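The structure's right below; bear with me while I get my questions together.
As written, the chains take the letters A, B, C, D, E and F, and residue 1 is the first residue of each chain.
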Amino acid sequence: MTDSLRADGRIADQLRTVTIERGWSAHAEGSALVSFGGTKVLCTASFTNGVPRWLTGKGKGWVTAEYAMLPRATNSRNDRESIKGKVGGRTHEISRLIGRALRAVVDTKALGENTIVIDCDVLQADGGTRTAAITGAYVALADAIEWGRSQKFIAQRSAPLVDSVSAVSVGIIDGTPMLDLAYVEDVRAETDMNVVVTGRGLFVEVQGTAEGAPFDKRELDALLELGVNGCAQLRDIQAATLA
Amino acid sequence: MTDSLRADGRIADQLRTVTIERGWSAHAEGSALVSFGGTKVLCTASFTNGVPRWLTGKGKGWVTAEYAMLPRATNSRNDRESIKGKVGGRTHEISRLIGRALRAVVDTKALGENTIVIDCDVLQADGGTRTAAITGAYVALADAIEWGRSQKFIAQRSAPLVDSVSAVSVGIIDGTPMLDLAYVEDVRAETDMNVVVTGRGLFVEVQGTAEGAPFDKRELDALLELGVNGCAQLRDIQAATLA
Amino acid sequence: MTDSLRADGRIADQLRTVTIERGWSAHAEGSALVSFGGTKVLCTASFTNGVPRWLTGKGKGWVTAEYAMLPRATNSRNDRESIKGKVGGRTHEISRLIGRALRAVVDTKALGENTIVIDCDVLQADGGTRTAAITGAYVALADAIEWGRSQKFIAQRSAPLVDSVSAVSVGIIDGTPMLDLAYVEDVRAETDMNVVVTGRGLFVEVQGTAEGAPFDKRELDALLELGVNGCAQLRDIQAATLA
Amino acid sequence: MTDSLRADGRIADQLRTVTIERGWSAHAEGSALVSFGGTKVLCTASFTNGVPRWLTGKGKGWVTAEYAMLPRATNSRNDRESIKGKVGGRTHEISRLIGRALRAVVDTKALGENTIVIDCDVLQADGGTRTAAITGAYVALADAIEWGRSQKFIAQRSAPLVDSVSAVSVGIIDGTPMLDLAYVEDVRAETDMNVVVTGRGLFVEVQGTAEGAPFDKRELDALLELGVNGCAQLRDIQAATLA
Amino acid sequence: MTDSLRADGRIADQLRTVTIERGWSAHAEGSALVSFGGTKVLCTASFTNGVPRWLTGKGKGWVTAEYAMLPRATNSRNDRESIKGKVGGRTHEISRLIGRALRAVVDTKALGENTIVIDCDVLQADGGTRTAAITGAYVALADAIEWGRSQKFIAQRSAPLVDSVSAVSVGIIDGTPMLDLAYVEDVRAETDMNVVVTGRGLFVEVQGTAEGAPFDKRELDALLELGVNGCAQLRDIQAATLA
Amino acid sequence: MTDSLRADGRIADQLRTVTIERGWSAHAEGSALVSFGGTKVLCTASFTNGVPRWLTGKGKGWVTAEYAMLPRATNSRNDRESIKGKVGGRTHEISRLIGRALRAVVDTKALGENTIVIDCDVLQADGGTRTAAITGAYVALADAIEWGRSQKFIAQRSAPLVDSVSAVSVGIIDGTPMLDLAYVEDVRAETDMNVVVTGRGLFVEVQGTAEGAPFDKRELDALLELGVNGCAQLRDIQAATLA
């Protein structure tokens, strides 16, 4: 493994430049514009007092997420899902992933009967949009929860956030495990994995896919280690942002 | 009419702070992030060599536009049109308006058999999203046309842009005609008008609506004059951006 | 400007033959089959006691409109929007325009908590379908309001209709402003405008679009004057119909 | 069975007043506005030279039909299928029935590679809309075929129409078989049947449904006889219209 | 008419091998996997205490049905209606037929305010899927009603089922009336009829269609007789299954 | 860990009874009805000579999959996606997973320009429907490829299948890792994982989700080991079925 392996000059276990612009939106109760290199995702958290009908009266809150891409976030333009009249499989899958990742660090009892909807809209895509989305969404979620507390929708003594959560992609390219794949790397990866990890270093979600050849346990372990380390760095960036 | 009339301290015939960040997108052939005060619209122009089937072989190009809002661009969250499975009337109406406005300054013969799709996505809304979109879209369009020329898709001697175009909202509030309404003003306006004006000061589109009481010719004239003057300022900002 | 300018022998400021067959429908609370020359629109007004949930308890009524075309109303057949599974932008835009035009002459407080839905279905199209629709819809609306009063859903002393409303298209063809464009004229017009005017001669809506070259203030003024005069004639036809 | 049985004074085996206004539409190649009493259906036939891709090159034509109701054709308003975004089961079912009925009297080889789309739009409904639609559609179809012959899209010696076709509803009310049910009768019928019969008196379609109690062979026979006789009268009205 | 007429060796008035596997589903309150030769339909009856909102408080129950085909139930694969985003006309038509057939033998007052939804999913198709579905659905319905009684949702003394119901297809092939058409016969039939008959031998539904030449009364009578006899055999198989 | 842990008497690392009924469908080129205990999935493989337009001329084949559930496959009835007019996120996600799993063992060059569509329809659900679907789909796929070879659509010397593939769910319940979760176990699992493994024991896909508490590397390893062992047993059952 050499420095020259990666197109943007990174070494294998190095994140791209990560920035989180907290409070980007003037309207949302929590928001963050997150960048992982050229990938930019606007995350907003909308707080509503009350829960959907099916959850009413159970003393629990609800956190959900929706992910989408602007039509020209990518290198060539994609038709809008609103115009096609249906949401595609990839969009559905990522929305569900983000929702699960965030719910894993929320104590819905402590949240009380409140709903938080996280919107992650990819303004520009360069690989790793779902992991950037999770990482930024956590910051938006944290601020929305603080807002709810300031408005007394959440009790002062309640701590709905039991941990932080971040995510990163890892993959094997030409036999080398690499962290935080940019788009040009992603399309070349033999194995592609997204790991979602809590601030304490536990797994929330592990999704590994053989894009080329199937992979063995040794490769899986190498990827997991890279991912856990990457998420630890992201956790520190989140913490600094929220400080 | 006094300075105290407007919530943000502007006088009646004053634009909000307008900024146009040219080339915001790394992928699009032309792009601009335009702000009219708190209204922020990302405009991208996607250039494709070739035209839709129904236009093939006529030696003419095609320019079209799509407008949309992020779900939390507004003060309270709106459901996504992709999830509702249909595009709303307002979205349709504004998309069509933007497309007509841009086509009014394009010589499609000079464009040749090329297609430009303009996407205007409202990241944050505070009134005047359609007029900001038109104003920013023109900048994205101009750059996409330059790109097409640089790639030789457009002949060097061709001049597809016959003029510039910008737009602004005007309205009557408490009897006073005002320029470039912010959202809090827009909801109070008795009459609301959007004017789309070319760089030379000619009308492309005039859409006036009595939200409260019907209006007379004198009021209409006052609004048109305000709008033409506002568009002249926007034209200068566009020109400076493209310089 | 000469008599010979217009395909059907009209002079520039002349309406086509306008007829309004009041009470066409046996079922609707108000109805009118309106013809502007070859354009025929069936307008029905459906009166329901009560309002949509979001308006309940505010002491106000609701008036809305839907516009559609039969598939073979036009010269070549268009696919049905029901089969395409979505309503097109043009349909949306016109439905919204008709609704706004009617609401401009309705005092919703005086209407009380009642809902009137106006359906304007184009049976045959020859230009000016939206303006014919508004003109006929007013007659259907007036009768539906009378019906509501006769059924005591509207108080005897209430006057929900504050004025009448009609609409007409105007346009510039070969440099000449003309009133009430037929289809063959509409496609040739450089500038196309629809004006919606109350019985008292005030503007409810002005929508002018440069289809060819942008237009100047002088042309705009000429078109507005033509339109206001045309609407005054339509107002008289409406009044005669309702007498 | 007495005269007093029927609300509108008819005797049991009597049709309502049937009128067919041939050539109602200025645009369609064939058209008819058919009335069965208060039921009014506008039938247009749109002729296109050529066939759908799946039929190309087989030397055969295609006839199809679409049925729909205006929202206020009925006593209370129904939401538009275009707005609901889907076509209902009843609409589908009737469209298919009309198409089958018409194809039964068309020799598609003689029609040549031409397509005729029949639109049947119910302007006002008072029972028997599908049977009125079939009866009027035949007239529109016949005229569209003549138009195709006049344009030389159909060979002069070809006879695409092998017979005429009409349809009528029959039902048993309070034990009495009755012809051509009006809406108030239809809702009271124990058994309801639609028969589609050729000019020569042969069956194209028989659809009988027990709305109340199941029926026996004797009742079925009585209904069929009524229906065949009713269709013979409709055939004569069609012939007179086309004469 | 000879034995050799039919591809599978049957004589003209012979059913295919019919089997009904009662209680196929571990979850549904009633279920049956019915086979008419190569046609296999899984019928499940889902019992819910309570009725849709529009029926609440009327003391009556509701029975409805939905029919669908797996994509590869047929010889070549059909796209899924879920992916096309709309239900086709044939599916709608058959769903409605099954629902009407079942409701004809249900006393909804005796059913009480309970809802039974019957799903008929064709796992493999070889002609006669709608008739097999009705025949199997009756068995599933009967068991669901028993389940409702066992759970005391239906009063012990109530008898919601007033009769049994079954259905079979009949058709004329090369001039010979035949019972229970397999797919290869169905496509060759000049006339095609589905009859739905109660256990007592009365008609619930008769749907005859001329696929080739129109048919006369004598042919109709022959088909009805075949159908009634076939349904009597199916009734006995249903009874044996439920014994 | 004791035998009494599992509701159905299994020990922790024991599969449910797995059966694969090869060639269930009379129509499909390959098919299998697979059962994992109470979970029953009908898998059909539809072979078409030729590829989608976007793949034409590249000398490569295409394998894709669609997953769906019958409405009453589950304990309470779910509305049909065809009637809702859209495919849900879960359905999309699983369809994509099955497609990826199968493509991982197919050499699309060796397949040639042929398309295989795998349909996995859940007839009855009791946990693990996606893993049963993958396991059964492989058998259907293998037979469809043989069919393609027998028809000479695939060259005799080509070997499109480079390995077999199967899948199983694993999860941690009350701290104990368990294999092949039934529904009652699935809802109680703290961590839930699906592993897709080739016949040679390599990973194609690993999807682990913390449903309750996040999990650590040790737990992940225990689950992976269980899953790999389970897949080895499934591989042997597949091989025996195809022998």
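Just so we're on the same page, a contact is a pair of C-beta atoms (placed from the backbone, for glycine too) under 8 Å apart; a residue touches a chain by one contact, two chains touch by 3 or more.
Here is each chain with its UniProt name: A, B, C, D, E, F = Ribonuclease PH.
Remember, it's a predicted structure, so these values are computed and weren't measured experimentally.
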Chains contacting each of chain D (Ribonuclease PH) and chain E (Ribonuclease PH), listed by label: none
Rigid-body rotation angle, chain E (Ribonuclease PH) and chain B (Ribonuclease PH), from Cα fit (steps of 5°): 180
Interface residue identity across copies chain A (Ribonuclease PH), chain B (Ribonuclease PH) - same or different by half: same
Most remote chain, CA-based centroid, reference being chain E (Ribonuclease PH): B
Whole-Å separation of chain centres (CA-atom averages), chain A (Ribonuclease PH) against chain E (Ribonuclease PH): 50
Geometric centre distance via CA averages, chain F (Ribonuclease PH)-chain E (Ribonuclease PH), whole Å: 33
Contacts with two or more other chains, residues of chain C (Ribonuclease PH) listed in rising order: 85-87
Ring topology as an ordered chain list, initiated at chain A (Ribonuclease PH) and continued via chain B (Ribonuclease PH): A, B, C, D, E, F
Contact set on chain C (Ribonuclease PH) toward chain B (Ribonuclease PH) in their complex: 86-90, 92-93, 95-96, 100, 104, 163, 193, 198, 200, 202-210, 213-217, 220, 224
Interface residues, chain C (Ribonuclease PH) side, partner chain D (Ribonuclease PH) - complex: 25-28, 31, 38, 42, 44, 46, 48, 66, 68, 70-77, 80-87, 91, 117, 119, 121, 123-124, 126
